[in-house]
Amino acid sequence: MPIPAPNLFPPFNIIRLSHVAFGVRDLAASKAFYVDTLGLQVTDEDDETVYLRAMEERGHHCLVLRRSDTADVRGLSFKVFDEAELDKAHDWFAAEGHPVAWVERPYQGRTLATQDCFGMPIEFYFRMDRLPPIHQKYALYKGVKPLRIDHFNCFSPDVDRAVAFYNAIGFRVTEYTEDEETGKLWAAWTHRKGGVHDLAFTNGLGPRLHHTAFWVPTPLNIIDLCDLMATTGYVGNIERGPGRHGISNAFFLYVLDPDGHRIEIYCSDYQTVDPDLEAIRWDLKDPQRQTLWGAPAPRSWFENGSVFAGVTPVEAALKATPIVAP
Amino acid sequence: MPIPAPNLFPPFNIIRLSHVAFGVRDLAASKAFYVDTLGLQVTDEDDETVYLRAMEERGHHCLVLRRSDTADVRGLSFKVFDEAELDKAHDWFAAEGHPVAWVERPYQGRTLATQDCFGMPIEFYFRMDRLPPIHQKYALYKGVKPLRIDHFNCFSPDVDRAVAFYNAIGFRVTEYTEDEETGKLWAAWTHRKGGVHDLAFTNGLGPRLHHTAFWVPTPLNIIDLCDLMATTGYVGNIERGPGRHGISNAFFLYVLDPDGHRIEIYCSDYQTVDPDLEAIRWDLKDPQRQTLWGAPAPRSWFENGSVFAGVTPVEAALKATPIVAP
Amino acid sequence: MPIPAPNLFPPFNIIRLSHVAFGVRDLAASKAFYVDTLGLQVTDEDDETVYLRAMEERGHHCLVLRRSDTADVRGLSFKVFDEAELDKAHDWFAAEGHPVAWVERPYQGRTLATQDCFGMPIEFYFRMDRLPPIHQKYALYKGVKPLRIDHFNCFSPDVDRAVAFYNAIGFRVTEYTEDEETGKLWAAWTHRKGGVHDLAFTNGLGPRLHHTAFWVPTPLNIIDLCDLMATTGYVGNIERGPGRHGISNAFFLYVLDPDGHRIEIYCSDYQTVDPDLEAIRWDLKDPQRQTLWGAPAPRSWFENGSVFAGVTPVEAALKATPIVAP
Amino acid sequence: MPIPAPNLFPPFNIIRLSHVAFGVRDLAASKAFYVDTLGLQVTDEDDETVYLRAMEERGHHCLVLRRSDTADVRGLSFKVFDEAELDKAHDWFAAEGHPVAWVERPYQGRTLATQDCFGMPIEFYFRMDRLPPIHQKYALYKGVKPLRIDHFNCFSPDVDRAVAFYNAIGFRVTEYTEDEETGKLWAAWTHRKGGVHDLAFTNGLGPRLHHTAFWVPTPLNIIDLCDLMATTGYVGNIERGPGRHGISNAFFLYVLDPDGHRIEIYCSDYQTVDPDLEAIRWDLKDPQRQTLWGAPAPRSWFENGSVFAGVTPVEAALKATPIVAP
């Protein structure tokens, strides 16, 4: 079995994924997509930046759009349990030889910027401005009615190494795909917050961000979004779905923002808080791991991803015959 | 405009499509598909035949499965307004030179068997055994929870001619696809019962039956069916969807029975009882007429259909570049 | 059996219910309710009048709001098959001794104003301005996403007499409630357009309009409306439901507009086009006829209705113990 | 503010609620209710006991039915993080003067039986037999399609004291109702697993179990259950709903098993893993805290609960005017 035993006593306590910042080339177009079409709420904005949150979130932002000359990702952010855990994180990354810096981030308290084992920029913080609840202000719901950010999925040039690294800081594997011939991991889903994933990895040119996912109430909200996008000029931005993944059992839709950043709309997770939860293994040769049902994914879905600012992705060593539409 | 004016005073009064009989090669396998997976109710059966109805129907059957050496279709059946209309139908078809015969059909009253302009077998009747309602026996609902048969869709070698013929007997066009270059019809949807269609025609090798459709309560029932088929050995029988058609605005799924007879599961129709309802025109070059959103249809969906017993289909004169997955 | 045999050859051909005009005391408040909360679309408006249609309708209006000193109803309108049927209607009502008048109605062709057997104002027309389809303009959908007007339900002082009258002009009974002790009708549902009802009658002080119903896609739209109304100041306007009626099998919600006009939001009908459809009989003593499940209806639902302008309702002769919440 | 600060460093680590055992007087009737109607899966059974799990659970049981002369509850069970936490729990309860015992429970490892501050029997364990996943065996889904046990809700004679006790062992308050006049808690919702609650308390004769809740995929599953129960002899077992609570934002239905044990069917939770999540305060005078929309709860819902075997409930000191149907 290629996955490590879950690390139940990590060096610091990460609560959950928190937010991501996208570099976008046309701030107005991106805002229109995320606000008018997906239905995220603006919590602050100026000429350079738009801050957004989903309907059940009380933290100030789960997505930050920054005007940029190039479409890129500025880092994946995670919330830790308290300020003491932030210091533990700082010391652990420093001791492991990762670059560490305390950075200023609006609406957040102390924020640690560092990198993972592939140089992927990641940030940790505990304190963020808290906003009043809006989950019962139903007049504000629109678009796909996004409730919360759910997970990141990254291309990784070495999934075994990625899993080992994130396992060391407490991410537990819930499901994984193994390449039976080599015994190596093709993909893995890992969590902190008690769902199928906060962070997943797929073998490929990386590090790159494959997608950021938002949780919605029911499959009908996803169908509503398809109807809306198909009749408001966004039909070409629907990349894949709806369908159901074998892995995670998610009812999914993948859409592309105006810069090509991929967003998954998602429901039908399951609860993973048990420390003795057995990870589910899938064989790379089983097409239902990808698509329990639904049309095959297009080639773009297997190949395209968002680069991290300043990070040059590298080819994965592991090659496989991806299962794509002919 | 290529479609004829609606014929509001037809020679006899057809109420609605009623039922279809399929020749099936493995009666047990077909019954398992239609009963255990789709959820139709058996109203009678013996070693040679299974009669089925959907949940809100009170007529004895909407689908008849007949053990057969070859997979085929035995005719499309329609209900007329009363016995007098049946006689008018008989006389009209006879006068127009179509073969006519009064045939015995179990559980039905007098039944007229004839052919349309392409030799496609069609039948008319007024009286069928009536059964007690089961639409509120919710313990019986299963599978996709089919409520009623909704329509037939046929390949036709000449859609203009098909529309002219069926218009003459009162079928009104609700939507149609025109080949702009030739000014000819590519496809047409026609109704009697007040929905988008009882009978539709698509240009192609014909006459053949493209699909038979069943109406279900909500899109979630269609998603439930995908989940069920994907995990009970029927994943290969899901041919296309779910998605939404531009034409008819239907939320659809296409599945294949064990003999390849195609079944559409369908919801989101609209009401068409107004005699002055304007037909909606679509351009053959508009891919959203087919797929408002969703993956492109596979080639099989464009090419395969069920033959009618004893009828040799002919090539369509009109050729076009079908919009298929590469 | 207390209901008459269906009159399959009525003196003129009514296609369906069409629209209703409400007298409202605060036009802005009423518009806010119907447009912003329910989601109807404004097709025209001035200081005195607002015209509205639902999402799949192509006729100019299904609901007309008229500024008024008193909350009332100006008449129930029906569409006939063609102009000739309008003349037949005129002649039939005149011959039967009902007052008849040709009246001007904006956006409509010739309109016949008359009264039913209780003096209830009803109107007939064939031609109404036709508007482009909007059912695929998904960005316009909001509120409960109303698709079409579905039916009227009226208090009647003598349901047997109401059924006899409307049966004479072609309305067919689909379901009815019989008072077993007296053998008289307590309530009846009658249709023209092929669903459970265009027009229903309930025993009580009448004629008054009990409610006007709109058809929506799924039960989830009804739950969405409850969420919206409960958090935008309209919680007191939710009168009853959601629940399911035994009769008609409708999943329902009843809400009150600012003047107390009652609107039913409705889905889960069934098809009734068969001329030999057997009406379903319910016993007045069966509480599930009213409420297959759900909380009992409040007293207001049994007692309150909208008066017709200029018509004084009269007490019903038939008394029964209504089944209300204690 | 009457609620204590969250205890982020409790003496032992409880992961989540786990299961409950009901004493039932007719084991076959109870099994029919939970299996055929609700859709739970039998994992083991004999003449005296039935073990059940929900569709996404891998632990052996979330509900145990035991043949009994009286309807009662045998204790509420919780899973801890590992065996070491179980020992810590033992020592903490012993030190606090609660009775402690290691008990044998089939399919479980070491199990600690103790009592809360009111003598309510509670149990803790870490290890339970693990079963293969069935969440993708869609042919097994039936009834309301229950996914997992979600929470317990208990009547407590002193909610402030209950909250203080459970806060001491790490349960964090997410929402609460305050009696403004006395400044005392009327009700509180507390969690361990990252949702709105694992355990809630309502002021009243206690300790008694008000209800046990199961999580389902969408509101439509709840409507399906209403339809099923209303037509299979269980209409009288639907006690309240469907509706939405203000508190927790839950779309709910309350049903009664054959012994009167109350089951809530539930969806629309939100995520509460943030340690700095602010609890939401509701005023006892606000009727929307209880019922954001929907019919008022019946008196039975306010008064009835299941007793714990061997525990005599006591009156609550705090009295208030419950908001019931007139």
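For reference, chains read A, B, C and D in written order, and residue numbers begin at 1 within each chain.
By definition in this document, contacts are C-beta pairs under 8 Å (C-beta built on N, C-alpha and C of every residue); 3 or more make two chains touch, one makes a residue touch a chain.
Not measured: the values here are computed from a predicted model.
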Based on CA centres, what chain would you say lies at the far end from chain B?
D
Have a look at where chain C meets chain D and say same if over half of the interface residue numbers show up on both copies, different if under half do.
same
So how far apart, in whole Å, are chain C and chain D when each is placed at the average of its C-alpha atoms?
44
Distance between chain A and chain D based on Cα centroids, please, to the nearest Å.
33
Of all residues in chain C, the ones touching two or more other chains
136, 218-220, 227, 230-231, 292
How about chain D: which of its residues touch chain B in the complex?
136-139, 218, 220, 224, 227-228, 230-232
Interfacial residue positions of chain D with respect to chain C in the complex
218-220, 223, 226-227, 229-231, 235, 238, 240, 242-244, 251, 288, 292-296, 325-326
Residues of chain A touching chain D in the complex:
8, 15-16, 56, 58-59, 79, 81-82, 126-127, 130, 133, 135-136, 147-148, 193-194, 217-220, 246, 249, 268, 270-271, 273-278, 280, 292
